[in-house]
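See structure below.
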Amino acid sequence: MAISVQKEDFDLGQAVRGLVGERTDIGALVTFTGLVRDTADGTLEALELEHYPAMTEKALKEIEAQAQERWNLSACLIIHRVGKLEPGDQIMMVATGSAHRRDAFEAAEFLMDFLKSRAPFWKKEHTASGADWVDARESDEEALERWQR
Amino acid sequence: MAISVQKEDFDLGQAVRGLVGERTDIGALVTFTGLVRDTADGTLEALELEHYPAMTEKALKEIEAQAQERWNLSACLIIHRVGKLEPGDQIMMVATGSAHRRDAFEAAEFLMDFLKSRAPFWKKEHTASGADWVDARESDEEALERWQR
Amino acid sequence: MTLDILYFAWVRERVGTHKETVETSAATVADLLAELQSREERYALAFSDLSAVRVSVDQVLADFDASLENAREVAIFPPMTGG
Amino acid sequence: MTLDILYFAWVRERVGTHKETVETSAATVADLLAELQSREERYALAFSDLSAVRVSVDQVLADFDASLENAREVAIFPPMTGG
């Protein structure tokens, strides 16, 4: 129910506290944080995130609405950063709160699987030897298939 | 690789920052936080957590070792509180970090399924009308079965 | 009709612009792409492998055979890599 | 042999103590439970429904037919409710 696309970093604890607030009906809260992972040879200088602003919010709201429809969620949050990040930096997070853990876990995985290949973000890796757009992974498309029912 | 049983509250953001540190090989970090959920009629005054100290650390280490064996985990954390808590309070958390999200998600779910019914904690609900030990749930035993292979 | 076309990531780099406004009578996304490809080499290059290209019509993901009737904005980009 | 026995949650409340040391020659956990049950009403009550009781031997979960050979500490408690 909260979506933010931002350049600034975020604090996981603060985000979750803001989401839960004074509520006492949430028993289970799952978060996923995506971090900038260095290349295997340790040469990553920066990860640049481009997005399609007019579409991003629409896409994230649609993905969130689908999660709300499929699971009993009391709370849901998506934060995605854009701009230039460094290895180890936080890229994005989702948080899902529910009465029970199964809903929270499944909804968080669902959000991530859709964010990976259905939200209009593109990543470019900058290394000493140049810059390359990150290829979409076959496994990310496969991950989506299990939610088709 | 880090286990703590404590009376004090914890901060999700701080816990995760401590776990990740300066590492740049973690692309995916999943957390689960268990919160004190009020009863359906809103009469919960406190949740009391009892544990078996000599066994707790052994059990948590064993559960964590199993997770490490089954998934590629770069980082793993379990914090479990004991004592008297109020509705909305944080009870416990796990965090799992990995290169890719599937490992982090599955390992976190595995840890939670085992913590629920294989770690020596017992919960007692205090309401205006008295105190009752929380019954183990059939569904928690069923949740364990899917990890048996 | 008048259509805004947006390009992202390496499609943007190959086409050489982020956004342009075109006059077209293309009925579908596929028609539009073919029209652009025939117009200039840089489009032909950018869309040479259609399996590596995704499109949206008015900010909603669409197939190549999607109709452009009443469309205002088309975007062309590589498979998304969010999260 | 001398054995420390620990009780938790409602088992502790029904038995009325958290920890006691007993002299026993019980060969298995089941033998030990039967011995305690025959000793006093409060044990009989606490262990009346064995399907609601779990045990550990030296801090490791065990079955009722687990041997007590070389055991130092047995704990008796309801199904755990962590997390």
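Every chain is named by a letter (A, B, C and D) in the order it is written, and numbering of its residues begins at 1.
Note that in this section a contact is a pair of C-beta atoms (placed from the backbone, for glycine too) under 8 Å apart; a residue touches a chain by one contact, two chains touch by 3 or more.
Since the structure is predicted, the reported quantities are computational estimates derived from the model, not experimental observations.
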item: Intersection of the contact lists for subunit A and subunit D; value: B
item: Centroid-based (C-alpha) most distant chain relative to subunit B; value: C
item: Between subunit A and subunit C, centroid-to-centroid distance (C-alpha), Å; value: 26
item: Centroid spacing, where centroids are CA-atom means, of subunit B and subunit C in whole angstrom; value: 48
item: Sequence positions of subunit A contacting 2 or more other chains; value: 34, 101, 112
item: Where subunit D touches two or more other chains, by residue; value: 83
item: Interchain contacts, given as pairs of chains that touch; value: A-B, A-C, B-D
item: For the subunit B and subunit D complex, residues of the former touching the latter; value: 34, 50-52, 54-55, 58-59, 80, 91-92, 112, 115-124, 133-136
item: For the subunit B and subunit A complex, residues of the former touching the latter; value: 11-16, 20, 22-38, 42, 44, 87-88, 99, 101-102, 104-105, 108-109, 112, 143
item: Subunit C residues within the subunit A interface of the complex; value: 6, 8-10, 56, 59-61, 73, 75, 77-83
